[in-house]
Every structure is written in structure tokens, then in C-alpha cells.
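Each chain gets a letter, A, B, C and D, in the order it is written, and its residues are counted from 1.
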Amino acid sequence: MTTTAPTDVVSPSAAAPEASPRGRLKGTLVGLGIAVATLLAGLAVPYVVTDTYRMSLLVEGTLLSLLAIGIGFLARHLGLISLGHGAFFGAAAYGVGIATTNWGWSPTTAVGFGVVVGTGFAVVMGLLVVRSSGFGFLMLTLALSQALYALSVQTSARPLTGAHDGKLLSYDRDMTFLGLAQRDVMNPGLFWPMAWIALTMCATVLWLVGRSRFGTTLEGIRENEERMRFSGYDTFGPRLVAFVLSGAVASLGGALFAINSGYVSPDILGFTRAGDSLIAALVGGFGLLVGPIVGTFLFVYAQANFNFGGNLHLFTGMALILVLVFMPGGITGSLQKLYHRLRRGRR
Amino acid sequence: MNAAQLLNGIALGSLLMVLSSGLAMIYGLRGVANFAHGALYMSGAYIAYSVSDRAGFWLALLVVPLALAVVGVLLELVFFRPLQHRSHIELGLITFGLALMAERLVVLIWGERTLRVTPPEFLQGTSNFLGVEYPSYRLAIIAIAVVLAAALVLWLRSTTTGLHIRAASQDIETAAIMGINVDRVSLVVVAVGSALAGFAGALAAPYIALDPGMGSAFLITVLIIVVVGGIGSIGGAMIAGMGLGVIQSVTTVWSPSVAVVVPYLALTIVLLWRPTGLAGKRVS
Amino acid sequence: MKRRLLAATTAVTLSLTMAACGAASDSSGGDAEEGPIKIALIPPTSGALAQFGTDSVKGWETAVRLVNEDGGIDGREVELLVKGTDADPATTLRVAKEAVTQDGAQFIGSVMTSPEHGALNAQLEGLGALSFNSLGKDDALVGEQCSPYAVHVVQTTSMDVNALANSIAEMPGEKWAIQAVDYATGHSAAETFKAAAEKAGKEVVLEQFAPLNTTDFGSYITKLKNSGADAVFAVEFGADGVAFVQQADQFNLDDQLKTVLGLNMVSEPLFETLGESIVGYYNNVGYDAAADTEANKEFIEAYTEDHGSAPYYVPADAYAAAQILFAGIEEAGSSEPAEVAEALADLTVETNVGEVTVRGTDNQVLRDSYLGKVVKGDGGLAFEVVTNTSADVTTTESDPACKF
Amino acid sequence: MTIFEGRGLTVRYGAHVALDGVDIALEPGVVHGVIGPNGAGKSTFIDALSGRKRPSSGTVTFEGVDITRRSVRWRRRKGLSRSFQRTSVFGAMTVGDQLEMVARRNNEEDLGEIVRTLGLEGILDRVCAEIAYGTQRSVDLAIALIGRPKVVLLDEPCAGLVHDESVRMLQHVRDVCKERDVAALLVEHDVEGVFRTCDVITVLDLGKLLATGTPDDVRADENVIRAYLGSAA
């Protein structure tokens, strides 16, 4: 099984090449400008959406988007599809819970700790899996993340994780997360700035990394791993670094998720959660950075509106199949194709 | 350690053996680990419940594999064959979507309640086997699974279809060049693989309780078995399935919480020590 | 509130000048003093627990029908908003937020599992809603996860275990084995039971724990058989419980046992699945349907009329929760959740499950627990209540971890 | 003056011996051809020399140092490069991007010269998967030549090319080898091309070395005529 058939799912965007370094710099500056504008515009959202429930859906979508862009980064730049990123999201969430509740750390420090824990797991898993690719990678990430689930619900882990009961976060009322007391972090309107800034910052960082020389190296590894080695490149290291980076972004999402919801349930590490995020990212499309974000918000919307009688997975399963069969590249990928076709047509 | 505990391990191992050989067959040929395998297994168990309720358990053992073989044929004709030129990942994710849907469909048809299937009259209670009082039904599972495994190996070794399957599992392109009808082979393999999953479900029905989570609970274990056994190797999967069943049951006697982690431990050890799995094919 | 939002925004970002238009997100509940009293029910509509969820809703429905026929509470009508969840805490939380902030519900009921309650309890104060838990039995819910906005109507697991332990002399068997789920409940139940058994002069010969979602109990049952036990105390729930009972039957385990005592293992919805092999099994029972009180008879009659079947503990507890809520609103003279919560503290209410008191320190409803035995009656299997134990015995004081 | 040498190289696949004790020595500025009928072990040979396949026995030395167990990455960094029979480029990247990427790693100072020599100036902005096959082969060769390697192992660079392209490709190989003083190994199916291009030729048959020498010597070798050329001619 050495054939690596071209994957439409992760086919790169046929972006116009920027040959000159100056063009590249200009592109970077324009991108950064868009990032700052998006960030500022997003901060106004709580003033427009005044309804707590809708706002909480937006916050949830934003935090889950961090997980999705982590998955999307690996898919786009290395062609690796991971079912294991839920583990980093969940490990970070538990890290926050343990640091606040068991050790009495301040929530702010605890979030930092959570990210470190999640990233640490990404390093360990990365060492085991980045040598494989394609289907093997998919299965191994799934199996190892399930191992973490199995460990987290062990009775011996109960003092730390709360096992099947989950973990309720508690910290002193005078302790705050970046100025917000426990009551306030659960208010989506007040928590929104943190979530939104985290998402735009991480998206920007991932975008810049993708454009850097390191990004080109990753692209080379994705396209032809063997030729990269025969061209003098180490391929294990960059893969590991990319894996850990994407795991770190997912971890940040998990840490903020824990702070915001005040409760970590073992489901966070479960089989369906991992699948949900991947499906959301895939339906949104891997070709563009915003694809997974679009998919995640769509998923959160669907979850809030079409979950009658627990049939959500009937719909997500169907959506996954339809997208894979009829529009590989996801929603954003299809829009992009349409856009290119229209432009070409006009010329 | 006594003989009854060993038999417990062999009974569980028998079930895993049947389940994982079906998955390994499809994987070897199509390069896709069928994520819907757990759902097929679960459907098998639920169909067995309905059939044995009306017409008895033995008929269920016959009907279920046939029904699931039809499902397998549909899988092959609707998804695997038309999409064979897509990447393996895409195909695998499609089966993942199918698994999600199947799980809900089972609930919509049979409901959420935990169900139970009664084994045939003469297999209820215990029998004396090598001086051990042991449940007759579990002895029957072991016997049936061993016969089935032997038949499967014989079929692959000594028939033309078996030869073609082995050739195509080695290298599907070369097999096609050599004049093997790969489409036909693939149809047979996916149908037989699905039938085996259903058969495992029917066998398991009186053994464990039926609930809608039973498929995904086993899926992970079976995926691990296939990786540990060496991807695409049917023999490797059988040995790994039986081995894991015995090790897990024996570990349960000593420490149940360690037993839960056994499959993952096995996977990690294999990854570090022998990345190609027991049968020596690489995880690519 | 608006100022805090601004502070939060500026604290983490570049300083921004932003026209604060519109109200910042901070709505809670509807208008509490006018219009109908709204109760959101969030039962699981999928998963193995859906049956219990539906039955819980039925109990609430009967209670609400009766109170509205009486002209409501203080002239105000009571309205049920029946929602649904997949029993994932995140979903339940989302639905609860929607019900409270969008539909103006002030009270929440029919939430099923302890993890859902744990997640919900953490948010109740912020939401400004009062939750009535008639299903989640975990002790932590009135311990470290307790909330002044959550009323624990159902008995806790430790109350149940204490009742069983108190009745240990009633059951035959000298050498006990403990088969429990490897879960907080399983461990604490095993510990309590073991102490009580030893106090009663019985011997505990084996104590083993199986992980949740165990499908194959072969190894455990083999060990039980080899231990020489003549009675088993089993703490296995849902599919695990069914698998255990079924496989014990296949191993002929019952032949060597005088008693099988279950904790939450056997319940009315499972009678059909488990079949006659469980006749003679003992189990804790939350509600005595045969109780000869005015309130109980009224409940059974009304419920049977509404739903065409006799109630068991799930609808009965939901009905009790409703009665406690109604009494609280009357006492407070308001349906403002905070005021109702305050009025409920140490309030005594006459309900279908007897005269009960809401303990002010942790909101646990103090009520009897029962030991039942499965018997074969005319209409199939049924529980026969063997003993009852009052709350004075089962829960002597509240958990110090709970601070309001 | 030998710069790169393989001694007694043997590769076994189970019981099957694909390569049986073959020796070879390459010198700077010399194009060394390897020919042989199908199944002669040519691909296995170049894999064993380049480190893609670890030989069951035998040694590979480079500048007098045993490098048999060195990684392909290490070899490339020290100046030992190879190309592939199946075009091995970076399909979704532009030609310019991938050449720059490889150049950066191998400290190539004058990428422009390679681009000019192989006539790739006009297509640097094109995505590699979309250009003509023959041009892709040139890109493949360019990737192997970046960083002034001292030894270049070329695995059938003309596979799939039409005759004219093939002639031009071999001419490029010879020019580069002479200009840059590179030791080149050329495994090729096109026998005539090899005789035209190479200074020294090694003939393999059934995994064994049949003959080594100048084109004229090899052409006159009786074993070669009997086993290979005879049947082809």
C-alpha cells in the first residue's frame, strides 16, 4: 500500500502564484490587514447580537473552530486527516479543570497550563503517528485518542478527571480569568472577545506559517515525501512540528472551552466528538483556511436546530457522504471553483 | 488461573476473530478500513433479535449473513466500485458517514431499549467441558468460530476465487493486468466481509446485551486488531483477534481497569517495536 | 454590565472606541410576575434512557393538569415546555439556555443523568433558573456540585445504599460477593454495603469492579462462582445490568445463590427484557406504589387516567418534584426563581411519596427509601416493597462540601 | 580516481536474489551507463546505491568513506543525488517554488544556470502537474542537479519520452556531467542512447554483472552479445 492517490479533499487552492518577493510581502501585508479588520469587526458582535442564547452558540462555534482549523491545517499542508485532535482539545480542557479545581491555580494560569498539557499530548501522539500517512494516520490518531478516553474514565483517574461524572470547575470567587469572574466567563457576551481574539490570532498565525518557507517545506512533504528526503530534507521533524502546532491550536480551543462552560465531560474525548469536528471541517472544506470555520459554525447551527430526537448524526453522516461524493473540497472549495470558473468565463 | 477463565478468553477471542477477519478482507482489497463494520455487526445482532423472536435462533444464524451480504453488495456497487479511483481516505470517511447513519437507523427501527436474545433451548445453561462447568452457548460460539475460521482459510487457500482474492490483496493493479476480474473479486470480498460482520453480530446477540452503542464500542478494538495483525492480512487479524481476546479476558481477572487499556497498549507496542504489524505489512 | 463588557474587551485587546449600541447580552428569564409559570422539561429523547425521559414527562404532565384544573397557582396557569436532549451535557446545557433565555422558562425538570445535572448546576445561578432533579442520583450533586438553584428530589445513591444496608438482615445469605461498576457510585456503594454487612455478622468473600460499558461479564461471573458466595450485591446499570443478569443466567450462577441484591440494576422498564429469571431478585425501590395515602391514591388515579398505565418511580418522582415546586411558589408568593428557592428551604410538603422536607443546607428532599423484591403478579413482574427506611437513617447530615 | 563505489552489492527478497554481488566505480566527469534486459536488477541496483533499499550485503563508499548505512538525506547533503524512473516532482507546486525550495536546502548559488541549461525559464510560474510530461522530466533532472552534487544517479531519465526529447535529454546529461565534473550513473532502457552518451558501460543480467568497459569493449563482449544484444539485434 504505497500508492498515494491524489486526494480531492485536500487539493490545494489554485491560488495565483506570487513570483516576486515583493508581491509576497504585499500579499502578507494585505492578509494581515484583513486579519486586523476581521478582529475589530468581530469585537462588535455582542453589541449586535444581544440575545444570550444566540451569543452562546457563536462562542461555541468560535471555540470549536479552533479545533477545526487545527485539523484543517494538517489536512491542507500535509494532506494528513486526523481523527485524534479531539484528544488535545479534551486534554487541555481537563488540564484547566485540574489546575483550577485540584490545585487552586488562577484560571488564567490554568488556561496556559491546559494548552501546555494539550500540546504535550500532541508531541507524544505525534512521535507515534507522523511516520504513517493516509489511512494509517487516520486510524492511528483515532485509536490513540480513544486510548486517552479510556484512561480518562478510569477510576484511578477519578481524583483528576472525575471519570464518567466529568469535572466541574471551581475556583475562588475573587479569582478571575483575564478580569472575568467565574460567573462572567459563562456569560457569552462577556467571554466573546477572548474567544474571537484567540480564533483570529490562531488563524493568522497558521496562515503566516503556511506562507513561510516552513510552509513550503510542508507542501513539498505533502506532495512527495520521498523526493523531499532525496532532496536533503528531513521529513519527520517538519511533520512533527506541524502536528504539534495544530495540536496546540486545538488545545487553546479546549482550554477556553473548559473555562467558558465551567464543566468538562468525558464526551469531549469521545469517538463522536472527534468525528463531529472532522466532519464539520471537511464539509466546510480544507482548501481554504476559513473552510473549517465555516463548517463548524454550520455544524453548531445544525446542532441547535436539527437535533430532534437525537437524529443529528443521521444528518451529519448524510452531509459527510454527500459532500465527499458530490463536492470534494467542501463548501468553500466549491465556491472557489465556481468563482474561478466565472472569472475564466469572463476573460 | 483456571480453565473456565481461559475459555472466557477464547470465547471473546472467537467473536473478535470472526469480526476482524471480515474487516481485514475488505481492507486488504480496497485499501479502506470499513468504519461501518461496527454498524454492520450491530445490524446483524438486531436483525438476529427480530428473526429469532419469530422464527428461532438457528434461522437467524442463516438469514443474518445473507441479509448483510446483500448490504455488502450494495456497499460495493454504490460506493466502493464507483469511487475506487478516489483516495482511500475519502472512501474511508464515507464509510464513517455510513456508520453514523446506520447507528441512528438501527435506533429508529428497533428503539433505544436494551434488548436480549435467548439462545436455543439446548444451549441454555451449562455443560461439562474438560471437567469445567461452562455455559453451553459459549462453547457453541467457540466451536462455530473455529469451524468458520478453518473454512475461510481453506477457501482462500484452495479455491480459484481464494487465489484471486489473495493475488488482488497483494497488488490490485497487477492482479488486474494478469487478467483477474478485480470487480468480481471485490464484490465477493465485500459481500463476504459484511456477511462475516453480520454473522459475528448474530453470534454475539445471545452473548451480550444489545444496545445502540455496541457497534462503535467494538469498532475501535477491531480496527486495532487489524493494525496489530498487519494491515490486510486475514491470518494476522485472526491471530491478533484471538490473542487480544484471551489477553484481555485474562487481564480482567487480574485487573479490570488495566484490561480496558490492553488494546491500546498492544497497538502502541506494535507501533514502536514492529510498525508493520504481526504479518509484516506496513501501515502506510 | 455594559461597563464590564467594555472593561473585558479593553483589558485584552487594543483600546477601542466603540459605540455601545443596543443592550449587551444579559437577559435572564421572562417576566416572572405575570403570565403563565413556565417549566422547561429536558428529558433524553434518544439513547438508552429515552424511555425514562418520556415517563418523567408524563409525571409532570399529570401534575400540571391537576393544578391547572384547580385554577393554577395563585390564579396563574402553569405551562410545560417539553424539549429534548441526547443526554450529552453540552446539548442539555444548550437546550436549557435556549429555554430560559428564549422561551422565558423559570424552572427546569426531567433532566436525566448526573453529568447533565453537574453541568447544569454550574450554570443555574448565572441563568437564574431553578432546577428540579428527580432522576440524577449522584451524591456529588448535593456535595461539591450542589447549587442553591437545584432541588434534589430523588434519593441520592448513598441514601439508597444506606437503606439496603439497613435491611441486610432481611435477606438470606451469609457469604456475600460484591459486583459493582467501576464508577464512583459503585465504589461508594460497595464500601457502605461492606461495612453494613460486616456489622450484621455477614462475610464479604469477594469485591470486584467492572468498567462501565462492560459487555462480557464471563471473567467476573467465573470469579463469583469460584468464590463460594451464596449472595451477591450487584451495582450494574443499563446495558451492563442486562448483560450481567443474562450472562449470570447462562452460567447458572443463580443455582448457588440465595439472594441477588441489585442497586439500580432492576427497574420496571427492564422487566420485559430481563424476563422471569429475575423473579426473587431484590433491588432498591424509590417509590412505594402501594403506599396508602390520600396524595398517592390521587396521583395513581390521575396518572392511570392520563396515560393508561400504572406509574413507577420515574413518573412518581417527577410528580413529587412538581408538587414541591408548586408548594414553593405558593409559599414565596412569587415565581421568581430566587425567591422560590429561598421559600423552599426547610419547607415541608405533602406529596405522593409521603410527607417530605427540603433540607435547607443542600436542597436534598428528605424522604423514605425502600427495599423491593421482584414478584410475579397478574400483570407480569412487579416490585413488592419489603422494608422502608426513613431519611433520618439514610442521610443524617448534608455534605460539608456543599456551600450555598 | 574513483569517487563513488559499490562493492559486492547483494539484495535479497526472501529467497529471491534480485542483485548478486555487483561491483561498480564512478569517476568525476565520466558518464557511466548501466543497461540490461527487464528483470536484470537495474532498479534494485540504483536503489541499493542510493540508499533507498538497504543491501543485504556489500558496501557503498563515497570519497573513501563507507556510507552503506547512511540515510538518503545525509547522502544528499554530502553531494550524492538521484532521480527517479517514475517522474518524481512536486505536482501541486509551481516549478519555480519547488526548485527554490530544493536550492535553499542544498545551498545552490546559481539556480539560474540550471534553469537555463535545461530550458525551464518560461515555465517557472506554472504548476508542475499541469506542464507537459517531457518538461516534467527536465524538472525532475533539475531537482537532482541542484546544489552541485558530486555524484548523480539517474534512473531512466528518458522513460516515456519520444525520440527527439530522449536525444536532447541525454545530451543535457552529458553536457552537465562534463561541465560540472560530476560522476554520473545512467540507468537506461534505451540501449542506443547509452552507447552514444556514456564513457563506460556496465551490463547486468539476472542480478549479476555481465561486463564492464568502454562502449566498444562491451559491444564486442561475447557474453553480452549472447545474453542481451544478440536477442535485441
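By definition in this document, contacts are C-beta pairs under 8 Å (C-beta built on N, C-alpha and C of every residue); 3 or more make two chains touch, one makes a residue touch a chain.
Here the structure is a predicted model, which is why all the values come from computation and not from measurement.
Chains making contact with subunit A as well as with subunit C: B. The fewest steps needed to get from subunit C to subunit D, moving only between touching chains, is 2.
Comparing the chain pairs A-B and B-C, the larger number of C-beta pairs in contact belongs to A-B.
Put simply, the chain closest to the centre of the protein, by Cα centroids, is A. Distance from subunit A peaks, on a Cα-centroid basis, for D.
With centres defined as mean CA coordinates, subunit D is found 47 Å away from subunit B. Averaging C-alpha coordinates per chain places the centre of subunit A 33 Å away from that of subunit B. The centroid of the Cα atoms in subunit B and the matching centroid in subunit C are 38 Å apart.
Each chain gets one centre point, the mean of its Cα atoms, and the points for subunit A and subunit D are 44 Å apart. The set of subunit B residues that touch two or more partner chains comprises 107, 257, 260.
Multi-chain contact residues of subunit A, defined as those touching 2 or more other chains: 6, 154-155, 310-311. Per the contact rule defined earlier, chains pair up in contact as A-B, A-C, A-D, B-C. Within the complex, the subunit D residues that touch subunit A are 50, 52, 71-73, 76-77, 81-82, 84, 88-94, 96-98, 101-102, 104-106, 124-125, 127, 143, 146-147.
In the complex of the two chains, the subunit A residues touching subunit C come out as 39-40, 43-44, 46-53, 55-57, 60, 153-155, 158, 163-166, 168-170, 178-180, 183-184, 186-190, 193-194, 197, 261-263, 265-267, 303-304, 307-312. Across the interface of their complex, subunit A is touched by residues 31-33, 83, 85-90, 92-94, 96-101, 103-105, 107-108, 216, 220, 223-224, 227, 231-232, 257, 260-261, 263-264, 267-268, 271-272, 275, 281-284 of subunit B. By the touch rule above, subunit A contacts subunit B in their complex via residues 1-9, 81, 128-129, 131-136, 138-140, 142-144, 146-147, 150-151, 154-156, 271-272, 275, 278-279, 282, 310-311, 313-314, 316-321, 324-325, 328.
Residue ranges of subunit B in contact with subunit C, taken from their complex: 2, 4-5, 8, 11-12, 107, 112-116, 118-119, 124-126, 133, 135, 137-138, 206-209, 211-214, 217, 249, 252-253, 256-257, 259-260.
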